[in-house]
């Protein structure tokens, strides 16, 4: 209890906690859950984008997409590493993903139906992710904060690339391309707003996380910031968002926006989204089909070690 | 020996042999080999054409191709049935195919690279097949002869359809389509000529088969007939065949044509053609992957029989 | 024929017919992938034959939809030159032949037969209702198609029972396929303004009209096959609104390739 | 950018460069299929990274080939608007990631790594030779690419040894992959007028020039991996003459789809 008090005092003072420091079990568990969920999101997120690698329309766009998906895998790698400092293993975390115990970001349960989806994911989905993640760069757990600094830098780059690719289509493209972009925005807008999680009044984990300095800004505040930042970008782009209730509120200096379909949110989070089954099945299949490779690598390493000893 | 003499006399008299009739073991074996090889060719032949079902350029052409491939499967079915009258089973024959003991027509070891290949296979490959098969309608073994009558009727239909599809492209198509047709003819011409088998002087099985009335016309004679029938069709079509030595011989009333690359023929027959490994692997995989289906069908039939007995 | 993408208009009757036509067209495309890869030769024939029947049905309805749309589109323009979001088949039809989405060939025979059974049961009821259509062209197409669909249904039902009540392995495969396909069947019976308008004008039934008969026939065969219907899923795909799975795009890339790559071609 | 198919001329230097560019492009396309499906996350990264390097190499060479061809074709026109018979990669590159041709994903990791090793060994020797090219643009591309190819070679070699000398199962898979790929390696070293002309003008080595070094490096790693080279095959694929396997057409249908379906698009 003395340790706990000292810990709370450090948090209150704005200190950063390192992996070797003492921490309450619930703080540790909360972080493992959050960091591994974030890591899982990165690797599941490779699937909807990977779906378009074979069909990227130019070699430049193919290269950008390959680099981006690779970055996401990289984020997964160092997020798993950050979680491992808390005493779990990557295999344990993957096990939790594959058995359905661990979650990943629900946004990846929507399909990428056209090439414009790739640009819109960069713009809106990465944009929302950054909005969520920038505060995490000041998270009280230092390894996570350090990982997030790097992640955010790369995500910003992806977000700009996504936006730029849409800009090319909207400015210089054909009518068919413009329609494709608008359609993608229509499909991704609401799911992007849902990425900030339930409304504050319905958010169960938030309060403790705020107190511990894991979370710094509330879901609804982040969502509002996102809308305010994004609508002007939509105007530059020349697309609309599918919300009849959206309008500038001169009084608050913010955009008012329509009601989110929370039934859809909970349905998709709960497993009944368009791609839930397939995303998980794909990851499980990749893992299961790769078992022989991992076994062989282990067997070879043992042989090598034995030989080295014998020599 | 008396039976053998009687059999030879019947053959000499032009009689047809039925499955229940006595026949020499070698006659039986020769027929099983030839009929099963023919059946195997039909089912392996479904693969190069099946390769284009998903990409047929119009719904009419897709329907024609589906119907054609289905006919080929049907030919396979009744050829296997004809061979079964000689005391072998379909499973035994498939076993021989899958283990590499039995052959199939070497023409199917070439790939279908463009849509025009589908038309050219109809025109040249089916054309050559008919030329080979029409004499078999008078084969001394009656079940085979009867099967061949039906096969030839359908093959003629396919041959006309293939030729017609080429005619549409050559008459009404774009330059790119015409080039595609000519390219396909260039690739399939020589392999089609090879379908008649080795030159008579190198053909080991022919003599006995001729005597027994299984084979009625020699390889070289059939090949010449094919060239003579096909060149005028090529002229109507507006394509050339890739043979600098081809010319009309007014003396013989036939076309002289260039030397066949027998080294290629033997290489492909021997297993080193472009698709040999894949064709066989595909058939074996289909068979192996389908084992559980066949087992389940058997298990269900047994259950049904038991239930019927109990009732 | 031009190669530029086309867009159909908003007429309810056109959309109603395209939803059926595309269902036939896209399932036909999937079934064609089996050709040469089936577990027994008889099934190479049966699956190709069903693909062929479905293409024929699609051709009739596409032609009719093109006439009603009034922009002069023929069956091939409608089949090959729409963009993905303009295909209106239920998502069920475009799912790959194997549940995990991997592997074009040979695919999962259990899933293939179960889908065929579900679709043929639906089509058989639909065609029977469409025989009464006020649109005589549609009624004529339906009169021919209903016989085909009955045969498809019987053939697939035999396999569903054979595999469901076969070995332990085949039964597990069928049950797994049932779990995968179950939510996608939902879409067959969801009504909206398109189907209610079609019913109102006597073009054909609402989708919901077919549900109880479908369910009854399904239940009977599943019972014979000793298969357990999974729990209902809250997911309702929206392929009929042009919102598909990630699989359709790959299927269309192949299907449309020649039309796209050889503009102005005559075939 | 227009969407109509293009044809390159007959210059030997253009064909020589396209044979290399297409090798990089098509293998890159195959490696991209692994993304999200690899046995370990590190390989999702490594295979995507190799795909990315190969795309970069292809872009440089396509651009240069377009300049020499003189018809004004840029990298994208060359990558996306040729017909199948105008792609000049060795057939090796277009083979699916799994030996039996079935299953886009995840594919056979043994075959993938063995092919990567064979190709990277070849490219590493080729780029080293091309650093001496009289064509300064090609030499500059080669100077960057040779480092990438060395890394690819090392990475793939590690896997070939690890899997070849791993478990009985992994060793059998590697040996099976070796049997499948063996005849396709033949094509890498077959000379004709294109490569001899390129050598004569100082553009680059003949293909045959690279054979003995390739064989030596291959033999060494196969020995470390305890794998037995199969008997030589008499089959020599002719992808460099534009005669491909049945796999390339399907790959191109996907790869070219957007360019074909959105004529005049800006991306």
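Residue numbering begins at 1 within each chain, and the chains themselves are lettered A, B, C and D in the order written.
Methods note: a residue touches a chain if its C-beta (ideal position, glycine included) is under 8 Å from a C-beta of that chain, and two chains touch if they have at least 3 such contacts.
Labels paired with UniProt names: C, D = Phenylacetate-CoA oxygenase subunit PaaC.
Please read all numbers here as calculations on a predicted model, not as lab measurements.
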Looking at the contacts, which chains touch chain A and chain D alike?
-> C
What shortest step count links chain B and chain D in the network of chain contacts?
-> 1
The chain pair with the larger count of contacting C-beta pairs, comparing A-C against B-C, is B-C
Measuring centre to centre, with centres taken as mean CA positions, what chain is farthest from chain A?
-> B
Quick one: chain A and chain B, Cα centre-to-centre, how many Å?
-> 57
Approximately how many whole Å separate the CA-defined centres of chain C and chain D?
-> 39
What whole-Å value do you get for the distance between chain B and chain C if each is reduced to the mean of its CA atoms?
-> 34
Mind pulling the chain B residues that touch 2 or more other chains?
-> 55, 176, 282, 285
Enumerate the residues of chain D that touch no fewer than two other chains.
-> 5, 83, 101-102, 105-106, 253-254, 257, 262-263
Among line, ring, star, complete and other, the chain touch graph is other
Can you name every chain pair that touches?
-> A-C, A-D, B-C, B-D, C-D
Chain A partner contacts - residues on chain D that touch it in the complex = 25, 29, 32-33, 35-42, 44-45, 48-49, 51-52, 55-56, 58-59, 62, 75-76, 79-80, 105-106, 109, 161-163, 165-167, 169-170, 173, 251, 254-255, 257-259, 262-267
Residue set of chain C touching chain A in the complex reads 5, 83-85, 99-102, 180, 183, 233-235, 237, 243-246, 248-249, 253
Residues on chain A engaged by chain D in the complex (per definition of touch) = 43, 46-47, 50, 53-63, 66-67, 69-70, 73-74, 76-77, 80, 115, 165, 168-169, 172-174, 176-177, 282, 285-287, 289-297, 299-300, 303
For the chain C and chain D complex, residues of the former touching the latter = 3-5, 83, 101-106, 250, 252-254, 256-257, 260-263
Quick one: which bits of chain B touch chain D in the complex? Just the residue numbers, please.
-> 48, 51, 55, 111-114, 176, 180, 183, 187, 267, 270, 272-278, 281-282, 285
